[in-house]
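A short worksheet on the structure shown next.
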Amino acid sequence: MATCGLTEYEAASAEVRAVYDDIRATRRTDFINNFWKALAHDPALLKRTWESVKAVMAPGALDPLVKEMIYVAVSATNQCGYCIASHTAGARKAGMSDEMFAELMAVVGMANETNRLASGYQVEIDERFKT
Amino acid sequence: MATCGLTEYEAASAEVRAVYDDIRATRRTDFINNFWKALAHDPALLKRTWESVKAVMAPGALDPLVKEMIYVAVSATNQCGYCIASHTAGARKAGMSDEMFAELMAVVGMANETNRLASGYQVEIDERFKT
Amino acid sequence: MATCGLTEYEAASAEVRAVYDDIRATRRTDFINNFWKALAHDPALLKRTWESVKAVMAPGALDPLVKEMIYVAVSATNQCGYCIASHTAGARKAGMSDEMFAELMAVVGMANETNRLASGYQVEIDERFKT
Amino acid sequence: MATCGLTEYEAASAEVRAVYDDIRATRRTDFINNFWKALAHDPALLKRTWESVKAVMAPGALDPLVKEMIYVAVSATNQCGYCIASHTAGARKAGMSDEMFAELMAVVGMANETNRLASGYQVEIDERFKT
Amino acid sequence: MATCGLTEYEAASAEVRAVYDDIRATRRTDFINNFWKALAHDPALLKRTWESVKAVMAPGALDPLVKEMIYVAVSATNQCGYCIASHTAGARKAGMSDEMFAELMAVVGMANETNRLASGYQVEIDERFKT
Amino acid sequence: MATCGLTEYEAASAEVRAVYDDIRATRRTDFINNFWKALAHDPALLKRTWESVKAVMAPGALDPLVKEMIYVAVSATNQCGYCIASHTAGARKAGMSDEMFAELMAVVGMANETNRLASGYQVEIDERFKT
């Protein structure tokens, strides 16, 4: 179980409920996933994290699907089981097809490989790449 | 300097030159960056890595710009200086604007934060996310 | 199960028992957690690791609770499930309140985020920070 | 140089200046380090990150020095050169002695070692540690 | 379950079957582990990854057992549960004794510790080590 | 410069000199690299780390060259510039040829790639690999 437990809506303070309500309204679903219920232990962290996630993941110069896939890329690199599962679900909901997922994984694997080849071979940054 | 040196075109074997030629043709530039010159120490690795990169980064279900940004996301997460520099340059060439870069970084930072919150709080994966 | 099994006290060699006895005496408990039972496969590693942990985690310029929280910070960053669980328990035993845990997590999340922003934006170290 | 350059106070928008002013007032110094000047490329990220850092690093259940040391622990684990340098300076300013730094490093090294021993030996979490 | 499911031999396309057949022939076993069945979702990735693994893990200047142990070292460092389990099994099959595994883990733990001490203490590379 | 400076032999305490003398005798060289001079800030850490390194890197079930290569594999995975440089030099001294280095890098790159594919595809550990 999560370290300080999961806070269900019914047991939540007004401050936490306000965040839960906003998650539900923004995502158009009643479902609150465990991540938020665990963070509710620290209402200030919950509020700050949710507001950042809402701002960062909103459409902008990049569309939400691209952002979800970047999230999966980082989570797979860090091998965070929870975030891989939840953001793969999120990316699918935002429109990721099986083909897109496959290409995403191929890039993530490749990048992790070449990152180590570049550092292992001690490759110096080309002058051209120094901005 | 790179561990086993950098192989310039003039000093390269026919096998290595063939890869360099393909890099130049594919990327429509004479420039070969240090990463490839370092891998040329191992012609089989050079060939395999280039062919994989060429296949993986080609347009498909995801467009090349999205792929370059995913590459940057992984490289920033791994803190690989060479790959951040070279793929940021690559992403710009593929059309990444300053606004897109800024949003990319915001997602990468956020994902790295929540990855640790999820694991630190020992959050269990919701049933709904188990496929 | 652990790769080379878990060594219980009854089945342990004199060398391993001596370490188990010291763990019990130092921690004032009969409980030996699985980590030590797994390392017992390599008595030299068990002894060296335990002696280092005992020396490093003892009170000094930093108090044991701060050290336990630093341990949790590193383990959450590395996403090591075992160490997050065992050192969160250890930190609680050393006096970590729910409020302290919450602040610890907030710092860990924030540091992981800004680490990637610093590297992703390729920020150069300020002269003032070069010692 | 930072990917999108560094924004000096004189060249900054009113929005960015307001953050710089708050950094200066909060830290009681005129010095703005490169990290913030780089983030200024994205004023929304700058503002959100600074406000989070200010909230998270303020005194609470943990004192600011402990928080700075946790920041260094995470940054050393991630091997982020910029953050190691800047937060080591920050920790010193908050009162970290050479002895405290030495103990901090000893814990960080030890935790990184045992994280891998725990995962490499595939140690299962003890029932007692499951909350 | 794996994100896009596991493809069994009977349900596989001719392209996937050809890879499975080669895995079986190369490894002299009928067993196909889940990793390949998951990658089969993307036949091009499956083929490229298998061919690379086959080439990289074949005997050469390093013998296959050493290569399997290096694989375990990387996987323990990244804390990838699947790869630790599968390559520990692979290394045993290639001849790794309990004593060898114990020494492998000791080196992996030590390297992860000193990596952080080197970066945390901000140690400069000795001139002698610059090739 | 290293955070707490480098301690040269002439300025070192008797305790530190004893470790330096043992490093020189064990390695049959007068050269003390910066890592040890930085750790000398904390004589207890210096002594403990050196004694562990000496024990772990000595010939045993694995030969010293294999151990050096495992060290490089971990350091490249963690992208620790100092340790990559010093242990690549150490591995060469222990007999690593250019061909062996090339194969080492190929395995390290491959393992980092497949680690992420395994976690990204959420592959479950095969029953057969559960010991």
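All chains are identified by letter, namely A, B, C, D, E and F, in their written order; residue positions are counted from 1 within each chain.
One rule holds for everything that comes next: a contact is a pair of C-beta atoms (placed from the backbone, for glycine too) under 8 Å apart; a residue touches a chain by one contact, two chains touch by 3 or more.
All values reported here derive from a predicted model rather than from experimental measurement.
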item	value
Subunit F and subunit B - chains in contact with each	A, C, D, E
Co-neighbours of subunit F and subunit E - touch as defined	A, B, C, D
Repeat of the C-E interface, chosen from E-F, B-F or A-F (over half of contact pairs identical by residue number)	B-F
Cα-centroid distance, subunit A relative to subunit B, in whole angstrom	20
Where subunit B and subunit C are represented by their mean Cα positions, the distance between them in whole Å	34
Centre-of-Cα separation between subunit D and subunit B, whole angstrom	27
Touching two or more other chains - residues of subunit F	1-4, 41, 45, 49, 52, 77-81, 85, 88, 102, 104-106, 108-110, 112-117, 119-122, 130-131
Footprint of subunit D on subunit B - complex, ascending	79, 88, 98, 101-103, 105-106, 109, 122
In the complex, subunit E residues that touch subunit F	1-4, 31, 33-35, 38-39, 41, 45, 49, 52-53, 56-57, 60-62, 66-67, 69-71, 73-75, 77-78, 80-83, 85-89, 97, 99-100, 102-104, 106-108, 110-126, 128-131
Residues of subunit C touching subunit F in the complex	1-3, 44, 48, 52, 55, 130-131
Touching residues on subunit A, where the partner in the complex is subunit F	72, 76-77, 79, 81, 84-85, 88, 104-105, 108-110, 112-117, 119-122
Subunit E to subunit A touching residues, read off their complex	3-4, 41-42, 45, 49, 78-80, 131
